[in-house]
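Supplied in C-alpha cells, the structure appears directly below.
In this document, chain identifiers A, B, C and D correspond to the written order of the chains, with residue numbering beginning at 1 in each.
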Amino acid sequence: MSDAGMSKIVKTMTGVCFPFILIFGLYIIVHGHLTPGGGFQGGAVVASACAMILIAYGSIWTMKKIKEKHLSIFESLGALMFISLAFFGIFLADGIFFDNFLVKGAFSFFGLFANTATGVADINTAGVIPLMNIAVGLKVIAGLFAIVLVMAYATHKIKEVDDQ
Amino acid sequence: MFEQILTHAPALAVAIPLLGAFLTPLVSKINGKLRNVFVVIITALTSFIVALLSYNILAHESVKFAPDLVKNGIQTYIFGAGSAGDPVVRIVFEVDGVNAFMIILAAILPLAAVIYSWGFMKDETGQDKYYTLILLLTAGMLGMMMTGDLFNFFVFLEITSIASAALIAYRVNNKFSVQAAFKYIVVSTIGALFVLFAIAILYGQYDALNMAVIAKSIQYGLLDKIALILLIVALAMKAGIAPMHMWLPEAYGRAPSSVTVVIIGTTLGSFYGILRVGFTIFGEQIISESNLEVGIALGWVLVGLAILTIFIGVLMALKQNDFKKMIGFAAVAEIGYMVLAFGAALATMYQDSVTGITGISSSGLTALKGGMFHILNDALDVSLLFLVAGAVYYVSKESSLNRLGGLARNMKYTTIFFIIGLVAVSGLPPLNGFASKLMIYQSTYEINPILAIVAILCSILLLATFVKVFYAAFLGPKLPKFENVKEVPKSMLIGMLVLTCVIIFIGLFPNLVVENIVTPAVTALQNASAYIGGI
Amino acid sequence: MSFIDSLSQLYETLNTDSGFWNPLVWITAFVIVFLIIYIIRGYGNKNYKKNTEQTKAFLSGNPEFEDKEKMHVKAKNLYWGFNETLKGLYKLLDRMHNGNTSDFILWFVVILGIFFIVLGVL
Amino acid sequence: MMAFQIPYLAVAGLIIIGLYAVLFKRNLIKMIIGITLIESGVNLFLITLSFREGSTAPIYTSSPGGPMSLPVPQALTLTSIVIGVAVLALMLSLVIHIFKHYKTLDVRKIREEDN
C-alpha cells in the first residue's frame, strides 16, 4: 500500500463498490434481530468498506477527510446509546436493567415479540434490540475504522522516520 | 431511597462506571478540569453504591437497609427480566459474602487512583483516553467480582485485560512500558483463552453457564478434571503465581502508578476466580469423601507453588534496583502468602471418623480467614507503596533507586506514607499486615512448622527489601540534583491518605474487620450449597 | 446487634487459633515502655553541644566528601554481602527472569502439565 | 462415528499449532498468529458443541423446519470473536510501537535492561 493511494482504476472501482457494501452492511445491522448478523457483523462490513477506501486512496488522503478524533466521538455516542437504552429499562416498564421496555408497559410502541413460528417476521417486532444493534453498529464502524486508520497512519509515520 | 438503589445495586455498580467511561471523551471536549471532577464523582458514586451493597449483604440482619433483598446472605440480580426471568438462561449477578468482600477492594482502589491521578497526570496528553480506560477497568473488575455466569466472567476478564494493557502502555514513548504491555496482553489473552476453553468443556457437559447450575450438577470425571486444571492454572497465571509471575513485576513496574493500583484489583479478581472455581463450582466435589486424596494433593501443590512464589518474589525484590519493579516483586511474594493460606487450608482436609463428614480442620479455618484477610491487606499495602513510588517518580522523574537519595528532607508526608506502607507490607505490628500474617503463620505452623518458618523468614527479607528502599531513596544527604524538589500536589497526597486511613483503621481494629467482613466471606466460601441455592 | 455492640467490637481481641492479637494493648504497652525510656534518658549526661565536632558523623576516621553524591550509599551497593553469597542462586533466578515472552507461556504449559499429573488426568 | 470426531481433532490441532507458534516462533507477528490460532480452536470447539446432525441454522424467519442447532454457543463464539478482534488490534498496535523503539521483532531482544 503506497501512501499516495493506488492506481486510478482501483480508485474508480472503489467508488463504484463502496455504496453497495455500505448498503449491505447497514442492512445487516438493521435486520440483526431477524436474520443472521447484527451490530458487530454489519459494522465490520461497513468498516471494511471504509478500510477499502483507505487502501485505495492512501492514509494521508483519508486522514485529511476524517480525523480519528471525530471517529472517537461517534464511538462514544454509540456506546452511550447502548448503555442508556439499558438504563431506560430501570426507569421505565418493569424497572430492570436491560429491560426490553418497548415491548411492554406504557411505552410499547413496538407490539409483540417476533412470532415464534416459522415464516416472515416484521422489522418492528423486537423492541429495543434493533436500536441496540444500531448503537453497536455505530460503535463498531467508528471503532474498527479508527483502528485501521491509526495503524495505517502509524506505519506510514515509522516509514517516514526510517527514510530520514 | 436506599432500598431503591440497593435493588439495582449489582447492575448499577457496573453500569455507572461504564456510562462514565463513555461520557468521559465527550465531557473532556468541554473542559479538562470538568472531566476530572466528573470522573471523581462517577468513581465516588460507584464506590458508594458498592459499599452500600457490600454493607447490606455483610451486616447483621437487624441493621440491614433492605433485608428483603438478601436471601441466605446472597443477593441476585437477573438482567433484562427481574424476578420474572429464568435465572438459568439469563445473565445473573450473584453477590454472596465472598463477592461482597472482594468488591470492597474495588470500591477503595479506583477511588484512591482517580483522586491521585488528578495531580499525577496533570502534564500528560491523552487524559480523556486514560480516564475512559480507568473507568472501563473499574467496571470490568466489579463485573468480574460479582457475576454469577462463567462466560460473563470471561468477558469481564478480557475487558480488564484489554483496558489494563492499553493503560500499561500509556507512556508509549518509553520502550519498556510498551514491551511490558505486550507481554501482559499475550499472557492474559492466552490465560483467558484457556479459561474459555474450560468454560466450553463445562458447557458441553452440563448445558449451562451459570456457576450455581454447573456446581449443582457437577461430577468429577475426566473432562471436569481437565476443566478444573485449565481454570485454576490459567487464572493462577493471571493472578501472578510463580513461576508464571514474570509478567507481573514488569507490568506493575512500567505502568503509571495510579494504573498499577487498579490493576492490583484486577489481579486479585483473578485470584477470586480461583477461589470461586475451587470452592464453589468444584467445592462439593473437592471437599468430599470420595475425592479426599485429590483435594489434599491439590492443597499441597498449591502450598508448594506458594512457597516458590514467596521465595522468588522476596529474593528478586531484594536484588532489584528499580523502585516500582521491586514493589512488583514484593507484590508477587504477598500473593504467595494468600496462596499459602488457601493451599494449607485445603491440605488440612480430613474425614471425621465418627460422622464420616469431610471438612477443613480448625487450623485450616484460621488459615482461610488469614488468607482472605490478607487479600484486603495486600491490596491496600502494596497500592500505597506504588502510589509513593509514583510520587517519587513525579518529583524526580527517576525510577532507579541508584540515582535517588535524600528525598525525606523535602517530602515529609510522602515519607510518612512510605513508612506506614513499609510497616504494613512487611507485617510489623501494629498495622494490618501483621494481623493477617499472624493468622497465616499460626495456622501453617500447626499444619507444618517448616511452612511457618519459611513464611516468617521471607517476611523478614521483605522488611529488609523495603528498608533498603527507604535508605536509598529517602535517607542520606540532600542530593544537589534534588535541591529544589517540592512535596507532591495535594490531590496525590489525598489519594495516598485515603489508603493510609483504611490501613491504619484495619490495623487498629483487626477483630472488627475479621468478625464483620472476613468471617462472613469465609463462611460463604465454604458454603457452596448456599450459593447453589441462590438460583 | 445494636450500634453499641458494634462499638464494643472495636477493642475486642482478635483470637487466632492458638494466640491472640490486640493492637490497642500493644500500643499502650509500647507507649508505656517509651515513657520509661524517655524518663531514663532524662537522667543522662547533658554535655551535648551544637555545632561542634560532637554532632558530626563518625566515618571510621575518614574525611567527609564535599560532593554529596559520593556520601550517599547507592541502592546497588546495599546488601552487597548478601548478594555476593547468593550469587549462584541469583544467576539461576536471572536466567529464569530472562524477559522472553515465549518462556512465560512455557512456564504456563509446564505448570499445566504438573497439575495434570498430580490430579491424575495423565 | 469417526466423522463426529474430526472437528474435535481440528480443535486440538489448532490449539497445539497455536501453542507451538507462541512457544517456539521468535517473530512477534508469528506469535500473534499463534494466539489467533488458539482462539480459532476454542471458537471452533464452541461451534462444534452446538451442532447436531441434520440441524439447520437457528433462525425462525423462513426456516424450513426440523431441528435447529443451539444458538447459545454461537452467541458465545460471536462475543469471543469480538473480543478477539479488540485484542488483536491492541497487540498489533503494540507491535508497531515495539518496532519503533527496538527496530526488531525478535522476541528474545524485546526485554528490559537493568538501569
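Everything below uses one rule, namely that a residue touches a chain if its C-beta (ideal position, glycine included) is under 8 Å from a C-beta of that chain, and two chains touch if they have at least 3 such contacts.
Since the model is a prediction, treat every value here as computed from it, not as a measurement.
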The pair out of A-B and C-D sharing more C-beta contacts is A-B
Centroid of subunit A to centroid of subunit B, CA atoms only: how many Å? 35
So what's the Cα centroid distance for subunit C and subunit D, whole Å? 45
At what distance in angstrom does the C-alpha mean of subunit C lie from that of subunit A? 54
Could you work out how far the Cα centre of subunit A sits from that of subunit D, in whole Å? 23
For subunit B, residues contacting two or more additional chains: 182, 186, 190, 250, 321, 400, 402
Multi-chain contact sites of subunit D, meaning residues that touch two or more partners: 22, 31, 110-112
Quick check on subunit A: which residues sit in contact with 2+ other chains? none
Connecting every touching chain pair, does the picture come out as line, ring, star, complete or other? other
Subunit A residues touching subunit D in their complex are 34-36, 38, 40-41, 44, 114-121, 144, 147, 150-151, 154-155, 158, 161
Where on subunit C does subunit B make contact in their complex? 1-3, 6, 9-19, 21-24, 26-27, 30, 68-69, 71-76, 78-79, 82-83, 86, 89-90, 93, 96-97, 99, 101, 103-105, 107-108, 110-112, 114-116, 118-121
Residues of subunit B that touch subunit A when the two form their complex: 7-8, 11-12, 15, 18-19, 21-26, 29, 77-82, 84
Once bound in the complex, which stretches of subunit C touch subunit D? 98-102, 105-106, 109
Flag every residue of subunit D that touches subunit A in the complex, lowest number first. 57, 59-65, 78, 82, 85, 89, 92-93, 96, 99-100
